[in-house]
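Each of the next two complexes has chain A plus one more chain, namely chain B in the first and chain C in the second.
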Partner chain A sequence: MANEDYVEGGIETSESYSYWRKVFQRLKKHKIAMVSLWFLVILILMAVFAGPLSFGNNPYSYIKSVPWAPRPELAPPGPGHPLGLDNMGRDAWSRLLYGGRVSLSVGFICSFIGAAVGLFFGLISGYFGGITDMLIMRFTDFMLSLPVLPLMVVLSSVIKGSLWTIIFVISIFSWMGVARLVRGEVLSLKEQEFTEAARAIGETPARIMWIHLMPNSMAPVIVAATLAISGNIIYEATLSFLGLGIRQPTPSWGNMLNGAQTFMLTAPWLMWWPGIAILVTTLAFNFLGDGLRDALDPRLYR
Partner chain B sequence: MRNYLIRRSLELIPVLFAIAFVSFWLVSKMGDPFAVLVLNPHVRPEDIQRLRHIWHWDDPLVVRFWYWLKDFVWPRQGWGLSTLAPGQTALQLISRRIPVTIAFSSTSLIAAIILSIPLGVYSALRQYSVADYILTFFAFFGMSMPTFWFGIMLIYLFAVKLHWFPAAGYHRAFFIINGVPVMFDKAPRWMQFLDEAWHLTLPIIVLTVFQVGGWLRYMRSSMLEVKSMDYVRTARAKGLPERTVIYKHAFRNAVIPIITLIGLSFPGLIGGAMITETVFAIDGIGRLTYNAVMSQDVFVAMALIMIFSILVVIGNFLADIFYAVADPRIRYS
Partner chain C sequence: MSEFKDKKIILEVKNLKKYFPVLGGVFSRPVAWVKAVDDVSFHIYEGETFSLVGESGSGKTTTGKTILKLHEPTSGHILFEGKDISNYSPSEMRPLRRDMQIIFQDPYGSLNPRLPVGEIIREPLAVHKIGTKKEQEERVVEIMKLVGLRPEYLHRYPHEFSGGQRQRIGIARAVVLNPKFIVADEPVSALDASIQAQVLNLLLELQQKLALTYLFIAHNLAVVRHVSDRIGVMYLGKLMEVADTKELFDNPLHPYTQALLSAIPIPDPDVKKERIILQGDIPSPINPPSGCPFRTRCMYAKDICAEKTPPLVDIGDGHYVACHFVKKGGKVEYSKS
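Our next item is the complex of A and B:
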């Protein structure tokens, strides 16, 4: 029932509904953002349906022989194996699809955690002010002045292991931007009448933050979180490339490139597709984030 | 201003102290540096105990941290257990490796500043022109490009296929001068420099592209914002020539936030340098970090993280001071 005259749900819902509809209408005018959005939808579908799309191969099994190459290891592309086989004789196309699952989930989950933690710190810091604000902001500045990648490398060598460790390692360093943004928003929002009215009728700080301040400071968070996805995908790929992220045999776009330099002369096709996949995905998220920024804040013609 | 400088430098001390403790704690979780000795049949368990004691490895974390900090400031000689040669301290090793890292990352930093500021301004002045679209696209490309893959691609294209640049390292082992091999260290200074520049071209390109995109976009939006300000309209209304309006009134104000951005991107630069060094096999401190972590060389890794943190903190500090100098509206008391 996407009708603006349909007011049964009350004025508040109808208004917030039409707000997001307007945002989407503005986003639709942003051609490159829409192309990116569709591309990402296709990409996510490909990752979800990685099984049926990989022509009966799976990313873990060793192919015993292929007719067009003397050995299955590093065999060039051929029928049934559109991207060839990797150095362990595994189908590169299905590894690319399953790797997309890992890389995209790391990107999304880290960005979500980063946004949630950032929102939490930003709301508390901005709303309460005073010593709470000072402590949280000092901590944020401290985190921002750490050499991120060397620390990530050390951290992921300390807690080696699964997908969730990598998500943890990346998330630790991805909330500071959102915290600062939200704090800035809250500082101006809490001076406005509706917050004062909420305080006047005796709502608790937690409720004010949750019901009034959070939804109103959501716009920049969405933009920052979308842009953060591409950063997180690159972090995951980099750590996995260095051999410290997602470990074999689980495929990820980063660890597929792990040995790529070694096989540069014998099997250059192996290093193209995972890199292109990372590049176009991060490019799409960056364009989408940029489009969202314009759509959410029409006053800025950036 | 002087008071601001003093206050700002005093603030650095607790930050550095906190960073030192956190990184020390993290790195000390990395592994037991004495584990190698346990496997060695020539080393008696008592000796391992003694070594642990000498290096305070059997003390509580805080005590150990204190000794480590003392050793970091007044280094004592290392040992033959790690990447360190016998009698070499971690700082000595780092000081031998650090010049090349500083050389190529500062070159790319300067190149990125020189490229991104004028291009960003141009992009903003010609908003929605073909040039703006092309620059925007390239900026997004640079922002989205995974550094390590870009490095690999450049190596493939320019080193493997075209043979224009070397694929790895930052200088050759020896030169042939008049048919006689001459070691790199003994060669004339200008030959050394040219050879290093030739080796470092691709890494500098990688690191520059990594930084330019975001700054270009930021410069563009900062310029667009300033361009619509009232004082710019006033300047135009006064009948000032367009050049004066753009460069004296708009540009000077638009460029100030970039200083903060550059200061904030120091951690990114260090990360980028680390990846670039690993991909191009350059023996700087970035690659040293990676090797230290991979071989669980606790002492070297700790010293490196500390050096990186100091570099980042100093970078932020310098950016703050530049900001204070560049923006006369801000009063520091």
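Our next item is the complex of A and C:
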């Protein structure tokens, strides 16, 4: 055959398109997921630009006095302070924005660590099988059977808390689901001929896992990690609410709720906003996760 | 016959066995063994195409993959260019992978759906650290041209190609390292008839250009006749007959080979031929028949067939047959029982 006659056939397209672009096109058709995605983007931008959005206030300084209330502590909403002031006279709007930084970071970072650790164990367990698989999976079962919340409470009261200790404590308990998912994917992927082809080329197990198995098992991991973000935000809020998470004066949605509960009857607005923020954010992550699940569904793909 | 008589042997397989465990019970212990390849010996000369044919489940694919150490052999020896590689570890095998490659049957399952075609073909070069990245990319373009793929398609993903094109990608991946020996595991059986010929001709053309030796695995005798120099007929993990292609088709001596050949349609309505129809199915390789594995379906079977396993013997001129009733010189002594 001369080099000029190439075989034709297959799908003719003007340009190549990657798997991820197709996924995004399908996601765009999912209305609730797209609304959630835009909401989350705005929320993240608000957390990033918390400083400029605080109208000259900051979450740590005590306001000396406000014109519309006799005392600055627990003052209701007014000009310059859209959500009022908390029990120590700090601007609640500013604290909500900065608290979002903490809550979202904890949600994202814990999910990321959980997914990475889960991927690591899942790949090794599924690829090597045998005794390695058994040990890792029994350890995973053991972790899953632990009562998470009481243990988190105990752990975070022993290693007292900055942002990073909270992240550490939550991450310990957030990798098992991903590990199981990935192991299952790998068990089916390693039977496929492209894994065998990789071995025939002489690839090392590490390279096979990194180049072939991991990218092909990412879809369920992304869904699981997105859904886990909302769970992690709730864990952080719970621990902070119990006084074991993020400590004052650093704001987080959880410890704002904790501070507000004493004044539920006298200043109810202080409770509403962090509560609503947690509720809406976790809902949005769940909707986005569902949309991603549909967009990544391999039965629709190809 | 043998223009190959004085040729160099590139691969020799001696008494190769591959048993797969059937796990069962509480502790996942092997309760039985699937004898996928059971005492197979043959050799392949440099530059030839040696074909393995047989029904599904006869162990031909397992033989091919075991030779490349994709399966660990249960026992026996594999000699590649004189070196016994049967006990080589994966890291000892790695440098040899440059010389021994495989083309897979399934053009869909054998390509990673998340890698663009250029990366799939470059992967072997990257693994063996051959040249700089730029040199590797040039080599990929060169190979794509060689197998008849547009180099512009470098950045496309496997799902954007047809079955025939995908098989060309698989072939490009196998030849990019300039191997000496390639196992072609039913490379055309998943393709449309019109595409089969194109891919077969590509394989033959590459064999000429790159001086390749093929172990060609197939179940379609017409395809095999077209490409092979010598043929081995497998049944239930054992070789029944090995001969030159012409010799095998003109003078099949094993009853199983005769049955297989009688199944090839003749494109002439006036020719009446005797069709040998085998009764029943291929027996389970977990519990194969005693003695000759083919005896349960053989119309000439006698008592001796159940008692003794016939060895694969050279009856002259490189024609090997495993049957109690075929003697030296091709003298046949079987009769209907």
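Following the convention adopted for this analysis, the second predicted complex is superposed on the first by the 281 of 302 C-alpha atoms of A that agree within 3 Å, B and C clash if a C-alpha of one lies under 4 Å from a C-alpha of the other, contacts with A are read in each partner's own complex, and residues count from 1 in each chain.
In this text, a residue touches a chain if its C-beta (ideal position, glycine included) is under 8 Å from a C-beta of that chain, and two chains touch if they have at least 3 such contacts.
Bear in mind the structure is a predicted one, so any value in this text is a computation, not a measurement.
S.K.: Touching A:142, do we find chain B (first), chain C (second), both, or neither?
M.R.: After superposition on chain A, A:142 lies in contact with chain B alone.
S.K.: Let me test your reading of the model: by the given contact rule, A:282 touches which partner, first (chain B), second (chain C), both or neither?
M.R.: After superposition on chain A, A:282 lies in contact with chain B alone.
S.K.: In the superposed arrangement, does A:201 touch chain B (first), chain C (second), both or neither?
M.R.: A:201 contacts chain C only, not chain B.
S.K.: Name the chain, either chain B or chain C, that contacts more residues of chain A.
M.R.: Counting contacted residues of chain A, the larger count belongs to B.
S.K.: Could you say whether A:215 touches chain B, chain C, both of them, or neither, answering first, second, both or neither?
M.R.: Once the two structures are laid over each other on A, A:215 reaches chain C alone.
S.K.: In the superposed arrangement, which partner chain does A:158 touch: chain B (first), chain C (second), both, or neither?
M.R.: Touch partner of A:158: chain B, not chain C.
S.K.: Between chain B and chain C, which residues of chain A are contacted by each of them?
M.R.: In the superposed arrangement, which is not itself an observed complex, chain A uses residues 302 for both chain B and chain C.
S.K.: In the complex formed with chain A, which residues of chain C make contact?
M.R.: 65, 68, 70, 90, 93-95, 97-98, 101-102, 104-106, 109-116, 123-124, 127-128, 145-146, 148-150, 155-157, 159-162, 164-165, 168, 170, 173, 177, 198, 201-202, 205
S.K.: Quick check: in the complex, which residue numbers of chain A touch chain B?
M.R.: 142, 144-151, 153-155, 157-158, 230, 234, 237-238, 241-244, 257, 260-261, 264-265, 268, 271, 274-275, 278-279, 282-283, 285-287, 290, 300-302
S.K.: Residue numbers of chain A touching chain C in their complex, please.
M.R.: Checking each residue of chain A against chain C gives 1, 3, 5-7, 9-11, 13, 16, 18-19, 192-194, 196-203, 207, 211-212, 215-216, 302.
S.K.: Going by the contact rule at the top, pick out the chain B residues touching chain A in the complex.
M.R.: My answer: residues 15, 18-19, 22-23, 26-27, 29-30, 140-141, 143-149, 152-153, 155-156, 160, 220-221, 224-225, 264, 267-268, 270-272, 274-275, 278-279, 289-290, 293-294, 296, 301, 304-305, 308-309, 311-313, 316.
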